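These notes open a run of structures that come right after.
In what follows, chain A forms one complex with chain B and a second complex with chain C.
Now for the complex of A and B:
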């Protein structure tokens, strides 16, 4: 008897090759075909959604299919007086949408369209005494927001605006005995939060503070017999968690600890052959979120038809290089 | 046309809440087309059902009206606060992650238009349908933080002196089941770094004076709702497995509102034991126990003094508990992870003990020897207990037990998990013979 492992079986007829063009078509058409109910239901994620879609298109080498002017003017119209960027016009500014807006405009090399000065001081103003960041003026603290702040400011070349040492200390205070990280000190290790914390330490040059073997161990235990990775023990595999775990392993130099062929097969099986796009698991509904992380994951696994991705920023590597940003520890910090 | 139907549905929803203010659950009924003249809202015994087709119309109406009002670029539409309260409620019942709608409610609370208690109720209702809505939990933390801060500010106004804490410590505020250190420890906290923790200490510990001042209402609300919040978390954890938001929220409540009071930590340890036994796949539940145990380890002395409990006793009991579960429910990764934590904690305290003993040994060798002699003379059992808790013995015993599981288990995955545990033991605690 015994309990079967919580996992899925890849269907025999699941896709086995990358349908890159279909994904690009799916993303390019995504904005047009939605009815107004779905549009308003997802408006609180609009800016993030645009980042997912545009980055997916960049990784497919087809960013020029979108109307650059329209995108820039949308991002611009979402910046509020205080400097923060909202998810959509009329909504409130938030750290999550602010990072997405900066990422989008970085893709287009057009951050000057935002008021960078007020944006930087808005982000810096959300740092708390203990080094943590809140997501907006209402005070919720989460290591995700620490990552957003640091990623956003580094893309703008303005890390000097915050107390980096304190930001690092707060993230380190969220490290658990298993080497992982949670949303606040003492919170359960979670792949998404680990991605954010590792990312922050990579950008600031403090990766050496991580217990690499212990964290790498926990991360590689996320791989299930199906090849997919889950986000926490006894959860189902999922394309987005596969990306967060994979990217974290890449950042700490432990990518070779997982079975790449099996993960690749899992990710490919999550494609929809008819509509294009990736789902969380084979046979589920596709969306731009999983489509980005599917493409990014395959890129990290070495698929040469996809543009190389930077594991920390989840943006095309050539853009991160253009900005001279490093996501590995420099000698000066170790 | 659609707008008129949306407005009508919105009025129906408000009417349902007027008719029954105690609605405690709701869901969308799988009815995709309007049925002749019947109302799409069904209210039975405090449970509200909304036919699916009507949800779209209702949301579209309420969302567009609320967001048009919010959009500062548009010519301003005037909507009175009561309608804003109702519109945001309708929006959040369908889409609780629309954070701007929660923010509108925060502003209404700040302006005194919306009673804070109403929002605690709305959040609870929404969690019955969306047990892992991140924004709903975020909003609840804001509500509790506000309550705690109100208690703090009132105590500042009343210029409570350090002595005042002790004098008034036992007065008024009925916080059954909460022990907050009074006197020196409370003062240290109140003057400490974390404003939230200080606020909680003041709000709960110094009840007499805090309550005498303005926000009697805040103290009452806090007292009424804090324990209930643990039940809210229970329900959310029951409705969705490994509910990260529910369990991290619960830890937040214990930490920031209960100030990690020992009585609450111990109570929670007992309360979640049965829950975790019934949810052996739920790593979040076990991690919560890790959170409780980690915090208890910081107060070993007080634990002994006030509750006559030894820390090692608690950790040993947890080890027995998890080893039983590992045997009774094979092939559960969550259980093996918890075992790792508990064993790691046992080793940590064993090492602390032996390194302290070694250090003392060097300094006052003779005295220590005398002490050991006395211990062995007067309390042989205690001494053998100390020896059986040496890191070397602990590790060997754990290794033997798990290797036995690895060889005897019938389930292949249980074997795998046991073998991985052995590898982990070897890597984490390689050679202990010297310690």
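Now for the complex of A and C:
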């Protein structure tokens, strides 16, 4: 007897066109509900949340709706003495919030508001002997943090501060039999981690170390009959995993291995017509996280009403161009 | 937010929910501000464990509070006797188990558990392996738990063969278990190494694995896990670096070299000898840059005889 395929059916009445303005309105209003239960309970990921929201608005071409001064001063106030940035004032610095802060300030071309020197040395200080990175001083090692460190330093033009070759070697030591990558050596492949590892190899110019056809096959098998992509075999489809898989495929040049029309239909069906925003799956609650990845995914699929997105940094392509950063192996600086 | 269904509610239900949330919020804000205050005042005591515990129980991704707990435990190392410490750490493991039952997929909770095991006076590793068995029974694909299991195995030096047997039992109860197949791919090169083989694994083992996965394919031909493992068993291992072909044109004064694997010339130099004398060459890849590539081109000045 076979295992039933885990998937969903798209409801007939699900949205079939992109409700871009509603999403922009949803994001723009999100930050105004500061007394809201949801808002307060998610303080531990405020900086990440701001990156999701601001990038979503940028992709919608409406970044000017946010209070630039307020954003910059918030990011600035979250930088700690040691250089790392916390998710919110009073919390501890972490690699995840540090990358988000650098991304946000890069959107505004305002990284000078941070103490870049201390930030760079804080990130570099978290590199371990084996080339890996821990998320903070408590030592949790994960390829997500390798990506955060490399993405963050490359945005600041300071990759020279770390041992890039060792960072690459560590990521390669996490490669698996299926061509994918996990959290640490020995860990199972997971599309979120694959996105991070492929991203790190793209930024450092080591994409050729990937077995493109093997990984491409594993990634394209994430597509389910509903059109959505899952994060690992035998899991349900989800908008955020759709982005991580799609972006990884774009980075290794295998975007044409999935059915784009079906994925687009799945993503559009995850929109909420009433409130704006995207959910993980049709009919679920929306949030800024899935809203960003919904818009970014549609951008990669070629939707021209959304600004072109860079698949590695998940930021508007024009900003990555402005910084003259390359995410292919052909860069002279790699 | 994952998997949270949007439900239509009546005004009355909404009001009740709002009131409940307002109450929760009040407790939550009071607890968080008190915890931060105590930390600032250096009051790293069991009361602080109590307060941060209330928040983490419902909100395990509040990473700063896990840090506060770690600080508190390290501080208590100086203040408490070993037996008392052991008791506190045992309590922490119970607390963590409770948190894992609410949310078995929080990075912070699992990492904190490894911190506790690395710091307590008498860690009971056998009990941890049991805990992994239990949580993999709840969800055989929980990669946090698999990773924690590998941490326990490493620390307590569990034999690779025992772990291999564990994956066999998992697979025999459900062939569609990608996590188990994955783990086998990591254990086989340790258990049956054979450096003469391209795969690095003894051929008779590849054969028996092949038979096992074939059974899975017959049971469920649509299952991906089996096919990925199957493909891996059939794989030919890694290719060595060598020159596929080299093309030299005297007329065009051009050298073209194709390698089996991407290379960066300049780091690994590629010398050209013509009639035993060295020719000065500058290499670029097909894009005219010096980045990694399998194809390298040079236009040297030389005279063919």
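The rule we apply is simple: the second predicted complex is superposed on the first by the 323 of 334 C-alpha atoms of A that agree within 3 Å, B and C clash if a C-alpha of one lies under 4 Å from a C-alpha of the other, contacts with A are read in each partner's own complex, and residues count from 1 in each chain.
Basically, contacts are C-beta pairs under 8 Å (C-beta built on N, C-alpha and C of every residue); 3 or more make two chains touch, one makes a residue touch a chain.
This one's a predicted model, so the numbers in the text were calculated from it and none came from an experiment.
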Quick check on the chain A-based superposition: chain B and chain C, clash or fit? clash
Counting only touches as set out at the top, which of chain B and chain C does A:89 meet: first, second, both, neither? first
Looking at the overlay, what does A:233 touch: chain B (first), chain C (second), both, or neither? both
With both complexes superposed on chain A, which partner does A:216 reach: first (chain B), second (chain C), both or neither? neither
Can A:129 be said to touch chain B (first), chain C (second), both, or neither? first
Going by the contact rule set out at the top, does A:53 touch chain B (first), chain C (second), both, or neither? neither
First (chain B), second (chain C), both or neither: which does A:182 touch? both
May I ask you to name which of chain B and chain C touches more residues of chain A? C
Kindly classify A:283 by the partners it touches after superposition: chain B alone (first), chain C alone (second), both, or neither? second
Counting only touches as set out at the top, which of chain B and chain C does A:190 meet: first, second, both, neither? both
Looking at A:6, would you say it contacts chain B, chain C, both, or neither? Reply first, second, both or neither. first
4-12, 94-102 or 292-300: stretch of chain C that collides with chain B: 94-102
Show me the chain A residues, by the header's touch rule, that chain B contacts in one structure and chain C contacts in the other. 1-3, 5, 37, 40-41, 44, 86-87, 90-92, 94, 136, 138, 140, 177-178, 182-184, 186-190, 221, 232-235
So, in the complex, the side of chain A touching chain C is made of residues 1-3, 5, 37, 40-41, 44-45, 86-87, 90-92, 94, 136, 138, 140, 142, 176-178, 182-184, 186-190, 205-206, 208-209, 218, 221, 232-236, 238, 272, 279-281, 283-285, 287, 289-290, 329-332, 334
What part of chain C is in contact with chain A in the complex they form? 1-6, 21-22, 24-25, 28-29, 36, 59, 61-64, 66-67, 70, 107, 111, 115, 141, 143, 146-147, 150, 174-176, 178-179, 182-183, 185-186, 219-225, 228-229, 232, 261-262, 285, 287, 289-294
In the complex, chain B residues that touch chain A: 56, 59-60, 63-64, 67-68, 70-74, 94-95, 97-100, 103, 106, 138, 141-142, 145, 193-194, 242, 244, 247-248, 251-252, 255, 281-284, 287-288, 291, 294-295, 329-334, 337, 340-341, 344, 410-414, 420, 424, 427
Chain B contact footprint on chain A (complex, rising order): 1-6, 36-37, 40-41, 43-44, 86-87, 89-92, 94, 129-130, 136, 138-140, 177-178, 182-184, 186-190, 213, 217, 221, 232-235
